[in-house]
Amino acid sequence: MAQDVKSSVEAAPRWAMIVDLDRCTGCQACVVACHAENNIPVVNEQQAAYGRWMHWIIVDRYWEGEYPNVKARFTPVMCQQCAQAPCEPVCPVFATYHNREGLNAQVYNRCIGTRFCGNACPYKVRAYNWFEPEFPSPLTEQLNPDVTVRSRGIMEKCTFCIQRIRRAELDAKAQGRQLADGEVQPACVQTCPPSALVFGDLNDPNSQVSQLARSHRSFRLLDELGTDPAVIYLKGGETNVPG
Amino acid sequence: MTGRRSFVIALVATALLVGTAYWRIHRASEVSAASDQPIPFSHRIHAQAGVQCLFCHSSALRSDVAGIPSVQKCMGCHQTIAADRESVKILADYWQRQEPIHWQPVNTMPDFVFFSHQPHLGAGLSCETCHGNVGQMDVARQQTNMDMGWCLDCHLKQPQEKTARLADCLLCHK
Amino acid sequence: MTGAGVLTGMSPTVRRVALEPFVRPPEEELPGRATWYASTCRQCPAGCGILVRVINGRARKIEGNPAHPLNRGKLCARGQAGLQVLYNPDRLQNAVRQSGGRGSRQFKPIQWTEAIDQLSSAFKSLGAPSRVAFLGGLMSDHLLTLVSGFLKALGAPPPVLFDLHTALEGRAEATDMARRWFGDSQAQGVPLPLYDIARAQVVFSFGANLLETWMSPVAQGRDYGLMRQGQAGGRGLLVQFEPRLSATAASADEWIPVKPGTEGLIALGLGRIIVEDNLGQVGSHSEHAHLYRNVSVTDVADASGVSVETLRRLANAFAAADHSVAIPGGYLAGLGNGSQTMDAVLALNVLMRRLGREGGVFLPHQVPAEPFASSASVSSFAQVTDLIERLKAGQVDILLIHGCNPLYELPQWTGIAEAIRRVPLVISFSSCVDETAVLADLVLPDHTYLEGWGYQVVSPGADRPAVSGQQPVVRPLYDTRATGDVMLALAARIGGQVAQALPWSDEVAFLEQNSAQLLGTSSGIYDAHTPAGFWSLWRQHGGWWTEKPLRDEPEAIGTPTGPLQVSPAVFAGDAQQHPFHLIPYPSLALSDGRGANLPWLQEMPDPMTTASWNTWVELNPATARSLQVDNNDVVKVVSPYGELQAPVVVYPGIRPDAVAIPIGQGHRDYGRFAQGRGSNPLALLAPPSEQARGSWLPWGATRVRIERTGRKQELARVESLDGAGREKLR
Amino acid sequence: MSQADPARASAPSEYGERLLLEARQDADINQAVLQPMFRTGPAFWVLVTILGTLVAWGLYAWGYLVYWGIGASGKNRPVYWTLFITTFVFWVGISHAGTMISAVLRLLKADWRRPITRGAEAMTAFALMMAGLYPLVHLGRVWKFYWMIPYPNNRLMWPNFQSPLMWDMVAIFTYLIGSTLYLYLALIPDMAMARDYTGGWRYRLYRALALGWRGTEGEWHKLHRALSIFSVAIIPIFLSVHSIVSWDFAVTIQPRWHSTIFAPYFVVGAIYSGLSALASILVLVRRGMRLQEFLRAEHFNALGRLVMVAGMAWTYFWFAGFLVEWYGNEPVTRELIRQEVAGHLAPLFYLQMSANLIPVGLLAFKKVRTTPVLLLAATLLVNVGMFTERALIVIGSLQRNDIPFNWGTYRPTWVEVSIVVMTFAGFALLYTLFSRIVPYVPVWEIKEGRLRYTMRRIGRLLVPTAAEIE
């Protein structure tokens, strides 16, 4: 991607994530890692029970069949960073928009909280700050200084850990080199024990994500809606015990 | 008659309201009055003594923040230099107590803005470009109101192939 | 707007600017840039290597250490939540004495000198050294060594180790099993067996929740990923045998809902079929035929409720694969016939010659240095009950408790509460007020693991001998003190041979000296010329491990000469009165409850029920229907020994004759996020039957009945009940 | 036209409807219209106080909402929009009657409209004001609302004109300004009239508002020109406003919202609810201000007919939409229909259908149309139905989406309810005060109407003839 700087505009990556459902064990490490990295507030039992939890990534668990032949499957769902994002055109103040790296930007300090994007999003992965977030001291010390702490009335969502992307870019630039594949790792990808999550640049045909995206197992969530997500899932395999 | 008076009163009231609102909004970002520091520190004296900005604010070249020198660094010189001055004595006391000095921030940014010194110095900017000639000041003040318009003003003047990246919200807001 | 903003919260963010430069900065510190410190995770006994991101002297994020042989940069949810152990708002900020007497919950700060004075005087005025007892839990190996040395020199009995987490994963039983099968004549510590999941084509897991809390979940999770997609040989196969479909079973290809207590029979059945039909490419089975002499497959099928066809199918699959392994899990240890069951499962590997084979069973190689040799740091449950008896009998004057919370982690029938009340002087080293600390005279808070020193011998899970080093990543937040240092100070005060036995000025000196024992070990990833040099490298890498993989091939010298026996499991409570098997299981988020004070883990959805913040009761849909209860209906679960109330979760993946309840909630104390929330299923547990011979905690061997209460309670779920777990409507 | 001529006096009664207030002098008419404005008995003040308190309480609730955050309302994930948007749509709907009456009917030269135009226009203006509150109320950070206004700033930030919310704002403001001006234009002559008949503060007020109207030919001519231009200009706006409101929903891919028929469906619904609201209000005002002789059976009759027709149209569009959804059989929509027919939305659904269909049947009878009480009952029922319909569309649909794992429920809180009640009370309050400050019945229009008709004697019989004025 970044090889040809002939074009009048700098070449930009298309950040994408692979979710290998055959590896995912539903261990929730990504969920907590995301909370820790992105200053996501914890609500409480009542609020969570009323559907006001703030997780940016949730692991959907689907049941199949009836006892005793029952199966459960996990599907982690985070913001799909759609290329044709339904959430973008509806925001009246450009708080959410599409940036040159194929990310659905969410600019917290621009958000006025109409929640229109939340209605428009078919994956329902946007979280809204219903109240002022609480970090009883000294829990404030755990906050990541690279990420804004959102106040009440602001919509937030997975950013592919933009702060890590920017940090890596700055460092690479300071050392006068290109970003290497796999150099940028969102918190969830970094921690995922079975390596079910992979992150990288789709514009680079040799990147790991590009290669995995070409797998015969790949599919995308609600593809029929034509949102063209940047999150690509790999089907979970089914090996039945021979006999 | 009464109508006219009430009209005048209303007018004054609105004027006051608008005025205060304007002041509130702009007080934060306007060229701020000097905040009182724990130690009467003079940039001018140090600059005249030939101390470079980067000697004390050493991490500007490699990090987001320019950095406030540690008490240790201050004492490095002031063990001997001007040790008898009142202000330096205060410093020495801090060192005695092994207590950090709570300097008041001079150039503030809202904390949804993620500014990094390193790329700006890397792009060849000098400290004075944004901070003014601090070397002439006894008490450091914010020289320019560092609002988004001010940032964009420069970012959009950059080579045309770069502006797309430099004008992206996610460059500074995360 | 800022000024007004902060007041009214109308600014988009909360402002947090602190211009506080260091007095004397650490030389590696660069303001505004993160410094990464290598250390060790202490959220569970596994001992994963971590890197902590520190900015301006504050820890901001924990990540796995990519160089570490155990977790290779990966980390689990609990490891990620470590920051909240450090920054927990309910931590004790200094040593305290209970001014209002024990249980008063009135804690008065005291000086450390004062505290140590009181301790030493108590030790001096001690009648006999045998009247000291140390109850340890999840303590790092260096502290264990120190404490053991201390007690030994004092002439007191060695520390008794118990914590619910290791009890639930059946460490003690696994150690016994390893000793029985692989131990040599002078049966000294045999490390836990190591199952090569990553390279196995077929994995039979008998109640081992590999991907949740058992042993070394991160390493096993990593191996699972490789087993699925990382093998040249194609996609591996995982079959899970257990009465409740755990998250591990959810990831498995097949779940066999076994009748509780018959896991061992199934293992025998499989073995019998393999022997009979002479399956697999390992030549003759005659060598092991005697193990299965008196097994009848049909009886097994009848007893376990698994059809003969299924057994044959599975036996074929297991034998046909070149690389297959059978894993005896923690759940088995909770059964009355646990040891026999585990033997039966392990025997499958012996039968198929999987010992020391790729994708089979290994033993970890010992770390080549004396201080790191003793790895299997577990006591049998008998030792715990003995200790409790001694306490009750008033034979103990000083009780020191570190790293465990017996009042929460032990069932009522042990009578631990009364036992502790009997002791004149009780010291707790807990870093916040938990149930046990409430009964202590003094609480001498230890550093949290991000503030303190230590090391942990990695066992099991790593493919090579490894020691994880632990070092402070931030200055201690409060006036806490490392328990190691407290013991050393105490030793110095007591003087005599105790002081000689523990000559070190402080913990660090001790650690430095121990680490130096590895100096000049050629196999290590690094070496140095001086102990100091070695020590700095140790801290840089976050421990020590060998360059190349190094595992031992176990020899099944202890293979029984007679046929294997699995007697029917005995369950407390009769089947009429209490029709359901109780299956308490460690919560993935809170493990044995020590995670309950961390908000991140409280709000973390349980993978299977997506529920959080509370306790729930899992019922099979059919059972729920017959009891006329539905989701969110509160039911009363009654065992012969106790009862609790919790909302129902209708759970398709559990046997109709079983009831599952997660462990971890139900704290009386332990901070604002934990206390007064949910209930603790340990209250239901029955004491060990004759069969269990009191050798372990039979946490899976109790029967219960369910009663409706008519109340409803909305459980915090991520999943929508209306959606009913469907993926799509199509 | 000062003298009532004998022919008129002896007109047969069946023409009474046409020859409004035949027996009256202009002066009497003026008095008859002005008197009620001065009649402010205790009942009036009681009413005002009650409404005032409700509004005050609602404002407190709003303050509470702003201070604690939107969480104080019953919204959650995925039900991000609830009662606020529902009521917003409702009020915008109500506002459609005014222009419908005065603009459309003015162009159609329907004479029966004359006495009720002002009431209708006032309703439009106030309903829009109430509607206009909600886009602010539902904002998470209302103190930043001005970011939706395109004003030049050094951050080079502009609102996003792709967003239906921006279209909304533009449409609503245009409509509000338009209808207010429209109301005011038609008010000028009556202000002059009131000025000449009153003293004290009222005199000063009316003098200011009358803009020195003297009633010269030139002024009348300009007024008529202005009014006819306005009535033409405002109709496209009136059609566009509710179409745009409907697009707030239609442009998303939220199942059930994503529909092409929404625009006309919403407009028709708006007219239906608006006209019904007008009818209800007229009945009440007539009772409250004793305007029996101005607001008469024939007006109710005609209005009733309109409502009935609008009701039929709404039914048609509803069915058309339903047919497509049902036949399309898109899973989520199917699920929603299931919930409506036999699920947790059933009560609302059946309420909506009955409350919207029964009045259509009732209003078929002239008896119902001309009996104020029955008319009131029928039209109130309509608005209950229409509110429920909006609630079903907004709140109902959001509870279901493409990923069943994320479905949701919704329980309203006191904050939401208080704020909704506030707008109803606020509307009533404004309207009540308005009726005491401004002649509720447009005197000049009535007089003008009188002028149009005279009885001419042709041979032996009297024939009513209409003159062309406008």
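Read from first to last, the chains carry the letters A, B, C and D; within each, the first residue is number 1.
One rule holds for everything that comes next: a contact is a pair of C-beta atoms (placed from the backbone, for glycine too) under 8 Å apart; a residue touches a chain by one contact, two chains touch by 3 or more.
Being a predicted model, the structure only gives us computed values, none of them experimental.
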Practice task
Determine the set of chains touching subunit A that also touch subunit C.
Solution key: B, D
Exercise for the section: Using mean Cα positions, find the chain sitting nearest the overall protein centre. Expected result: A
Handout entry: Inter-chain centre distance, subunit A versus subunit B - centres from mean C-alpha coordinates, in Å
Key = 35
Exercise for the section: Compute the distance, rounded to whole Å, between the mean C-alpha positions of subunit B and subunit D. Expected result: 56
Handout entry: Interchain centroid distance [CA atoms averaged], subunit A/subunit D, Å
Key = 46
Problem - Separation of subunit B from subunit C, taking each centre as the mean of its C-alpha atoms, in whole Å - result: 51
Handout entry: Multi-chain contact residues (two or more partners), subunit D
Key = 141, 402-403, 405-406, 408-409
Handout entry: Residue numbers of subunit A (touch at least two other chains)
Key = 51, 53, 58, 60, 62, 108-111, 132, 148-149, 151-152, 154
Problem - Overlap residues in subunit B, where contacts from two or more other chains coincide - result: 62, 110-112
Exercise for the section: Draw the chains as points, connect those that touch, then say whether the picture is a line, ring, star, complete or other. Expected result: complete
Completion exercise
Counting only contacts in the complex, subunit D reaches subunit B at residues 153-156, 204
Exercise for the section: Would you pull the subunit C residues touching subunit B in the complex into a rising list? Expected result: 1-4, 11-17, 19-25, 30-33
Exercise for the section: Spell out the residues on subunit A that touch subunit B in their complex, using ranges where they run on. Expected result: 5, 7-10, 12, 97, 99-100, 103, 105, 107-110, 146-149, 159, 162-163, 166, 170, 173-174
Exercise for the section: Sort out for me which residues of subunit A touch subunit C in the complex. Expected result: 20, 22-29, 31-33, 35-37, 42-46, 48-49, 51, 53, 55, 58-63, 66-68, 70-75, 108-109, 111, 132-133, 136-145, 148-152, 154, 187, 190-196, 237-243
Fill in the blank from the handout: In their shared complex, subunit C is touched by residues of subunit B numbered 24-25, 27-28, 59, 62-65, 67-72, 94-95, 98-105, 108, 110-112
